[in-house]
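Worksheet for the structure shown next.
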Amino acid sequence: MIIMRTDATTEQIEHVVQRVENQGLHAHLSQGEERTVIGVVGDGRPIPPEHFQLLPGVDRILPISRPYKLASREFIQENSQFALDGVSIGGSGIVVIAGPCSVESRSQLLETALAVREAGGHALRGGAFKPRTSPYSFQGLGEAGLELLAEARELTGLPVVSEVMSPDQLPMMVPYVDVLQIGARNMQNFALLHAAGASQHPVLLKRGMSATVEELLMAGEYILSHGNRRVILCERGIRTYETATRNTTDINAIPVLKALTHLPVVLDPSHSTGYWQYVEAIARAGIAAGADGIIVEVHPHPEDALSDGGQSLKPERFAELVLQVKAIAEAIGRSLAPSHAGSPLPTAASGFSPSGGDL
Amino acid sequence: MIIMRTDATTEQIEHVVQRVENQGLHAHLSQGEERTVIGVVGDGRPIPPEHFQLLPGVDRILPISRPYKLASREFIQENSQFALDGVSIGGSGIVVIAGPCSVESRSQLLETALAVREAGGHALRGGAFKPRTSPYSFQGLGEAGLELLAEARELTGLPVVSEVMSPDQLPMMVPYVDVLQIGARNMQNFALLHAAGASQHPVLLKRGMSATVEELLMAGEYILSHGNRRVILCERGIRTYETATRNTTDINAIPVLKALTHLPVVLDPSHSTGYWQYVEAIARAGIAAGADGIIVEVHPHPEDALSDGGQSLKPERFAELVLQVKAIAEAIGRSLAPSHAGSPLPTAASGFSPSGGDL
Amino acid sequence: MIIMRTDATTEQIEHVVQRVENQGLHAHLSQGEERTVIGVVGDGRPIPPEHFQLLPGVDRILPISRPYKLASREFIQENSQFALDGVSIGGSGIVVIAGPCSVESRSQLLETALAVREAGGHALRGGAFKPRTSPYSFQGLGEAGLELLAEARELTGLPVVSEVMSPDQLPMMVPYVDVLQIGARNMQNFALLHAAGASQHPVLLKRGMSATVEELLMAGEYILSHGNRRVILCERGIRTYETATRNTTDINAIPVLKALTHLPVVLDPSHSTGYWQYVEAIARAGIAAGADGIIVEVHPHPEDALSDGGQSLKPERFAELVLQVKAIAEAIGRSLAPSHAGSPLPTAASGFSPSGGDL
Amino acid sequence: MIIMRTDATTEQIEHVVQRVENQGLHAHLSQGEERTVIGVVGDGRPIPPEHFQLLPGVDRILPISRPYKLASREFIQENSQFALDGVSIGGSGIVVIAGPCSVESRSQLLETALAVREAGGHALRGGAFKPRTSPYSFQGLGEAGLELLAEARELTGLPVVSEVMSPDQLPMMVPYVDVLQIGARNMQNFALLHAAGASQHPVLLKRGMSATVEELLMAGEYILSHGNRRVILCERGIRTYETATRNTTDINAIPVLKALTHLPVVLDPSHSTGYWQYVEAIARAGIAAGADGIIVEVHPHPEDALSDGGQSLKPERFAELVLQVKAIAEAIGRSLAPSHAGSPLPTAASGFSPSGGDL
């Protein structure tokens, strides 16, 4: 939609129309008393507004169509639903992903993994490569951390979610992790989005700290455009002027995303609040608002955590949280996805005792 | 807490200490390898940081105590609970306040009021004086609107909430309304806050569009400082860069406020989203996060509304919303406050038929 | 411009068209391959979008015309220029308004006023009524402060700018002050805007802390709609996530406002930064960007100031600032407006000695 | 600085003190009437707050020292100044970097480069790899673009600035470009920051779209920590609620950065406004506020540009801009850095005619 200036001349209008038609598009004129508006109609592909906005007499361009396609609910009406190593996400069952911010040691990770499983969690999160604001902070255990995650998976049967920070880490990570997490700071790291798309591995894509919902969908579109359909979108709080919490949970984004896209949507109440005291309330809110799951930080000894201790739940509180999530899920006609809680551990894992030796 | 510069001299430090003590306060020195920090201890009254921040050698001032007192949970540990013409707010019962953005006509208001009552709502909202961004928009019916609100109260038994825009409107409004609403644009209209405090009437105080949680509490403190304890705080969305919704619901503010203050907290999902499509999801989220109630826009014919039609629910949808709120309330161990739904109308009101004549 | 949904039916489109025409407007259809867009053309008056956005089949409404008229440069092409008691604003001469945040005492005000005059400042600012976040902070001297301002005006010949906080203060203030300041917190206090418009007194209107440029223009429109043409717009920083400064100076707003409106535009570098250290740099930037003036806080003893000491310049620094503003003005082909600097004081004032007795 | 809760017990205080001392740090107690504050003093290395914030009885942690060191002006008092292939940045001479958003063709680039040189520009910018929100937009010419940049450098003698998007592009780019640009979206791509640091090549680091000034300095610290001292910081606008411009130029960041760091600081008025109409005003403002240079988009035919045409200046306007920058520089006692304008082209380049054949 091209809005002409109130003082645009007939020649200018004709020039714009000509240019539209030169590009194989159709122009529809609408002449008001104040100004002329030219509708540009194409064949379904997005039309870059920059082709017209500088022509003489043009005031503004207003885009009408959405700039993403594969991610949109207009393209796929039904909710996308897919399995993460046995756990299905995107259906009516709510999925709980939990674990420490960083993998710190064998005992820390395995103890947490067992607690997550026992409480009814469905997948294990844990960072081996950590994006840190300061070069002087703990940067993660690297591949040793990935090995521990694989061991935890074997021990508990829980699929593993871990963050990938650059395209060259991908080949190493794929064998170890079930879901590649792309962090908020990398939401528009396009090289990484392309690589994650090409990997055909499930991806949990976090919203950038000041990304719009539309930009999050565009980032998802990068991954989808490689034919990789297993993309989970994650709201993790946005940056605003408010400092009472670490970020501002954009709870509106949950129903907005569910309306605009068929992809599963989860909420990270740990990062979106930054304080363990508020995690339960916001996790409940996320499920009540329609999220398909949550991803939450759990640490057996938050006061000793090397990162994000202040927003981590202790295992007991996490168990309580799962019960609350279940109650809210049922109040809105959904349920907690089936979990391994209560069932015996896979035999291979029986040798581990969390009070045993450490890394 | 006064942080001295790394190059502050002994004389500068002594000068600051002297100034602290001249004001009847105590100074505690803490000498680091890099710099000296001076703790300032008073008698409980707030100490204005500006008295020290410009002294030679001072780097920064870090306030330690909170700047509000009467509103704080440290001052009053128990939840404040009080009645609005029969309905109790601040206890375990969730309160639903609903009605049109603006009072437009007798039939519009009474029809809505009956629908709110029938669905189980507890109070009626409706604006007689409207703050509008444009001088060319509908500005409200004024006192005629207040008379209609009083009639609706008589008809339904629902207490009435309506916005006051300036101190001189207060004497006229008090007889008509049970709760004075102070809107987001007036949250720091201090003349109005003083007048509302002095009125001793219950006040519903909306958070300013870019106010911090602390500023909301300070605005509440203005009212409380007049001895008026019946203050309800309302989260109604904040302004951020995101444009997918009208505002960004700061859902974090719900548990944060419940932690910091004893005052009742409600959520306005209509303004905080701006689209009726998202109101139900966000209303559920608010209750799940711990709000004591919601205030929501309902209109019998949103497409004809003179203001905010796009975010108003139709009565049928509102009835469905009340059921959802009830389900969430029960999932977290609370309940919907008792309502008049199903009980006969007060006799005085029996003559009204919404299909009858209009204003 | 009404954007229909991609699945809108022919009946829905016809229904919208009919409704447009029922309101005496014209509808222009533009049928794309994906969807239909309906242009709505009126007679120049703004068309409220809410009349159409809820009709069946409607996706979105995109407004084309600007919502303000009297303030727009399309309505008045030439810069508005008017005198403030002898000093002309809005022309090529840059105007410097300066003084203390609050009027605190006779000696403080008169000493500052003389320093402002001597340095080449054109008008005196000073608050008698102070909007303060905390009810426990200094709230201004009230009418006693206004009397001191009038005395300072008599002493120096400088016109006086002071903040009005509510409509009922207006009659008292008008005799004392030459320009009524409406503060950021009251930019959408519509009762106050109406009263200021009706007063026919010059108004300096500060942008709200999170107001858009368009909302500032709409607030100005309220005043202009009363026939009061002497409105000065003031950028004073907006609220963002950045905490290194008190506010974020929206320097872009200067050329944007100069493009959209004919009204004079000034910058307040004291509030927009919050630190005296940055005031000079930002004042220079404002003039370089096209502002018609600055309003800046000056205090003879900032470390004793009862409010905003941290952002106030000492008189010596202010004198240096005026020289810098002059240099920048000349670099862009403008000049400092003529001032009283160097000319003898009005005779009536000759009795004052700033070292004399205080209030 | 550890702030204890008002109800912290003596045991809790002692426990915190013990923990502080167990880490080889010193604890200084300051007992107020309301609460106890514990100052933690170390040996100059940053102390991670997470070690203490979860201990029982702790209310909050307030960091006193800055989290960056190599970038700070406390560490290096003098302005860092270094040469980019002949042009010195960080001294009193203002540097103008200009060129197209994307390298699109040989004629487009060489024509622009000649115009930049002729107008008095000091370096050429141009993207070969483009970060684009949409996977369907033009993504840059890649290495072919780099070759054209090298040709333009040979033709004009101007050093070249171009964006690197991932660590694996670095080895290929270093021979072609004089300054590696790290874009806003990659400001916290830590793998890229490490690689750029290790390259020992000059880096122009753009502030992230919602990064704080402190985070920008921390990102710079990543590069500096590899011993690479040639880092230029670039303000390019931040994301706020205001939509009248593409971003909000944080002009305050210029004097704030100049106060906090010794590194050179430049402003990008093209991205920070998004409209060519405002570029000149904001470029002038940046220099007036103390920036060491600007980086600005120039395109011979903006209406045909494949990206960012709306914010690009035509060569004539750019020439005018350089004159304005020079005037402002002189008004604040600086000057435009010496340029090649007017001197003959290097002989090797004499064969090019911009009206000749294209790529």
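Here the chain labels run A, B, C and D in written order, and each chain numbers its own residues starting at 1.
Just so it is clear, a residue touches a chain if its C-beta (ideal position, glycine included) is under 8 Å from a C-beta of that chain, and two chains touch if they have at least 3 such contacts.
Fair warning: this is a prediction, and the values are worked out from it, not measured in the lab.
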Quick one: how many steps at least from subunit A to subunit C, stepping chain to touching chain?
-> 1
Comparing B-C with C-D, the one with more C-beta contacts is C-D
Dist(centroid_CA(subunit B), centroid_CA(subunit C)) in Å evaluates to 28
Taking each chain's centre as the mean of its CA atoms, how far is subunit B from subunit D in angstrom?
-> 42
Report, in whole Å, the distance between the mean C-alpha point of subunit C and the mean C-alpha point of subunit D.
-> 32
Each of the following residues of subunit D touches two or more other chains, namely 210, 239-241, 243
Spell out the residues on subunit D that touch subunit A in their complex, using ranges where they run on.
-> 45-46, 48, 50, 53-55, 67-68, 131-137, 165-168, 185-186, 188-192, 209-210, 215, 218, 221-222, 225, 239, 302-303, 305-310
Give every residue of subunit C touching subunit A within the complex, in rising order.
-> 1, 3, 6, 26, 28, 30-35, 37, 39, 41-44, 62, 64-65, 74, 210, 239-241, 243
Given the complex, residues on subunit B that touch subunit A span 210, 212-214, 238, 240-245, 248-256, 259, 272-273, 277-278, 281-282, 284-290, 324, 327-328, 330-332
